[in-house]
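Take a look at the structures listed below.
What follows is a pair of complexes built around chain A, which joins chain B in one and chain C in the other.
Coming up: the complex of A and B.
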């Protein structure tokens, strides 16, 4: 039983991190109706900023704030200068710009900070003795911390969407950008804010994630697979649903952990293939995901 | 057809200077006259058109022969260019002509390479005999990967292919007894001996591979040209431009999309197969990653989607940009440049370099199709 709990906890930890990245995908999708392929690379860039600040002597908990601010600015500037001008042209153009950002940011990180892997400091306590036992399994403090931070972000996002004026405008744009614009909502500002918030969440997720998930170092290719997992989670829950991202993320994390533990014929090495299969199945059989709004297209 | 165009020939301006319209002197303003002089208009399949194509072929052949005399290293680079041109030409079928953006073609490239590698190393096949096998294997896998394209479009399909590309190295690692896993698969030099009928010795392996790539590239270009010009190619482009209208006009979207994806994967797989012969050692985590897929896509976008020669231009960029920038930015400059190029192309020249070139070229010289008399239906 303790092994079961062990796997459950590690699954929930990974799931919380997937949820955070999935949330950032959802925030962008709600406003721009596009998947930001460079989301993982936004996170990577901010992680490098945070890492660089820690090498200058800042504690990571302090470095988190400028990293998130850089993320926010990166999101806003990207949306305003690169995405908005091509948005109306075609979906493919946005996609290509996203891929350009993907490879460009990845190369830029390597250019500035070098391609070697970096030791990344932990923000949450993760010493060998920082745990307590639940049903014989170790529940580490950092797992609890990550889970609580995830809940906090979800709570803040819900508050933002439901209780603030910006959130109201965001929902208006998500529902119908043209009508929102006619009612005096500055759609452009809302889009930029969405991208900024999304990138800031990614930055937070990245900084939490790098020390926890393998390879436990800051690696230029860290976020390739994370993006796939998070996309699988977001698609599963429904790309425009915050609730869906949470259910999808946690579900995927736990499922992956259990599959690794019990379905040994997979050899614990086909996680991405499993994510690929999930993505395909969801898209083919239920493209709106569990909680996504049904979209109707006018012919 | 030929007789028809032959008797049109005298009027159809066989020389560019003849293309000048006959206007009564002094009746048109100079501006008007100037606009009418350019572009020169020639008819497709007219003598001057065929002549121009002939000149192009001769120039192309001369360049190929010139490259054949290069030293080992430079010739190797040219071989790489051709390998990438084949792979990008494959990607062009799906992404350029059919509009199915694929961010996972590195997987087909890798699949072709591993097909060749495994057949040569484990079963003792001669390398060139594995090319058709790689084609078939990648065609079948392409059909399967193309299946989701029936329900999924645009960004979502890109997501699926992206996941396919990211997952590929993992699958290779899983079957490590066949593929060599993380250590990679090494094809020993002696196994890549040129066949005896070719007249090349083992030490001239580079020469042999160069000419093999030339032949395969020409074949691929002809196949792509013919497919694109066929009814089937029209159906692909119709499906790209407006699915619903295409479907209403009788295009079978399911068949067109899946087989386009299959053919696309197969051609890229042929490129991968040649890549295995070129490199001699295959490591999935090195050569067939997501960044490689993005490099292929970058090449296509730079060269020009849905253009005949875009893949070659793109391949030159994909091979030589990293080569000339390897000293810059800790070896990462190529990725930054690729990223910048993708964004700049989208903003400035969405049709790519080839497309932009021909857009300017058409202002100077326009080829118009021969007018055919409408024929009554046979029945």
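Coming up: the complex of A and C.
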């Protein structure tokens, strides 16, 4: 049983992080109808900012704030300068811009901060003795923290979408941007805010993620595989659904962790394949995902 | 250029404006289209405060393009004046800010959102929360079928209900001129009667001017005061609705009934 709990806790931790990145994908998808391939690189850039601030003596918990702000601005500026000019052409064009941004940002990070891995401080308590024993398995404080932060972000996003004027406008633009504009919604502002909020969530996710996922250091390739996991999670749950991102993210995290723990013949090297298989299966059998809008329409 | 004395901002010595001489909406030599295809070939059109004007014409005459250009959805050349002042860039939120709203062809239903949220979106430009809540109730009173479906996702409404929602939503911003593009399209005659009744009421109760694009010429001529007839992107004829209603020659030549 202790293996089960051990795997469960580790799966929920990874799953919470997938969820956070998946949420940022969902927020962008709802506005721009595309998966932003550069989402992981937004996170990476902000992690470098946070790391750089900690080398100047700031504690990581303080460096988190400016890093998220930089993320927000990065998202806003990206939408305004790179996405908006091509948005009207096609969704494919936006996708290509995302790919360009992916390689461009990664190159920029390497150019500014060098290719060597960086020791990255953990924000949450992660000492060897910082854990509870549950069913014989260790439940680390940082795992609990990551899970709670994920729940907090989900809660805040739900409030944003359902209780605020910005959220109302974001949902309107997600449903029908032209029609929303006829009611006076400034579509450009809504898109910029979506990209900003999304990138800020990615920054938070990145700073939580780097210390707990191997190699536990800041690396230029830190977010390559994470983006694939998060995309799989978001697709599985439905790319426009917050609930879907949570179910998809946690489900994928736990499934991957269980496979690692029990299906040892796989050698722990097939997780990415599992994620990609999920992507393909979802695209084939249920393109809208578990909770995606089915677009029930009568005419 | 015709229409003496109605052009330009009529600021008199002493700074007093004379709104009664300035049209609510005035369009001069309007050209608009999609990419290289110029659909509108120089349209002149005016709508006075509180007036009901109908634009008739065959498919492809440019009626919808005209509406989309006025609403700011597509770029134009030529002039669009509201209260005698030119509008800047084509942007729907700017036109709405000047008091001009559009009920688009196809209704523009926000299908994933509830009826109530659709109406709230219609009021995003307003700051008076209490007034917005009142107006939602008011429109649910005007269209009882919407009241029953207030919390229902709008995509599940029938076509007629979606058209009611589209009109109510556009009216939530309290426009001074409501553009309606093919309100009757694909709807049962009894629903169309109800919708036109409501539009006539909107005009007489709140003084909202209407610019209607209609296939259903007979019905449109009943509510409109003036008519513009479009043919391949230009105004082929214009005059009081009365003439179009009663003059058999005009009716046969242009309206085909």
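By definition in this document, the second predicted complex is superposed on the first by the 294 of 299 C-alpha atoms of A that agree within 3 Å, B and C clash if a C-alpha of one lies under 4 Å from a C-alpha of the other, contacts with A are read in each partner's own complex, and residues count from 1 in each chain.
In this text, a residue touches a chain if its C-beta (ideal position, glycine included) is under 8 Å from a C-beta of that chain, and two chains touch if they have at least 3 such contacts.
Only a predicted model underlies this, so the values are computations on that prediction, with no experimental measurement involved.
Visitor: Determine, under the contact definition given at the top, whether A:181 touches first (chain B), second (chain C), both, or neither.
Guide: A:181: touches chain C, not chain B.
Visitor: If we overlay the two complexes on their shared chain A, which of chain B and chain C does A:230 touch? Say first, second, both or neither.
Guide: Touch partners of A:230: none, neither chain B nor chain C.
Visitor: Check the residue A:99 against both partner chains and state whether it touches chain B (first), chain C (second), both, or neither.
Guide: In the superposition, A:99 contacts chain B only.
Visitor: Does the superposition put A:44 against chain B (first), chain C (second), both, or neither?
Guide: neither
Visitor: For A:114, select first, second, both or neither according to whether it touches chain B, chain C, the two together, or no partner.
Guide: After superposing on A, A:114 lies in contact with chain B but is clear of chain C.
Visitor: May I ask you to name which of chain B and chain C touches more residues of chain A?
Guide: B
Visitor: If we overlay the two complexes on their shared chain A, which of chain B and chain C does A:275 touch? Say first, second, both or neither.
Guide: So A:275 only meets chain B here.
Visitor: Share the list of chain A residues that count as touching for chain B in one structure and for chain C in the other.
Guide: After superposing on chain A, chain A residues 299 contact both chain B and chain C.
Visitor: If you look only at chain C, which of its residues touch chain A in the complex?
Guide: Listed in rising order, the residues are 71, 73, 91-93, 96-97, 101-102, 104, 108-113, 117, 120-125, 153, 155-159, 162, 169-170, 172-173, 186.
Visitor: How about chain A: which of its residues touch chain C in the complex?
Guide: 165, 168-169, 171-172, 174-176, 178-186, 293, 295-299
Visitor: For the complex, give me every residue of chain A touching chain B.
Guide: Checking each residue of chain A against chain B gives 34-35, 37, 82, 85-86, 89, 91-97, 99-111, 114-115, 221, 224-225, 227-228, 231-232, 235, 267, 269-273, 275-276, 279-280, 283-284, 287, 299.
Visitor: Would you pull the chain B residues touching chain A in the complex into a rising list?
Guide: It comes out as residues 99, 101, 103, 148, 151-152, 154-156, 158-160, 162-164, 166-167, 170-171, 173-174, 244, 289-291, 294, 297-298, 301, 328-343, 345-347, 350.
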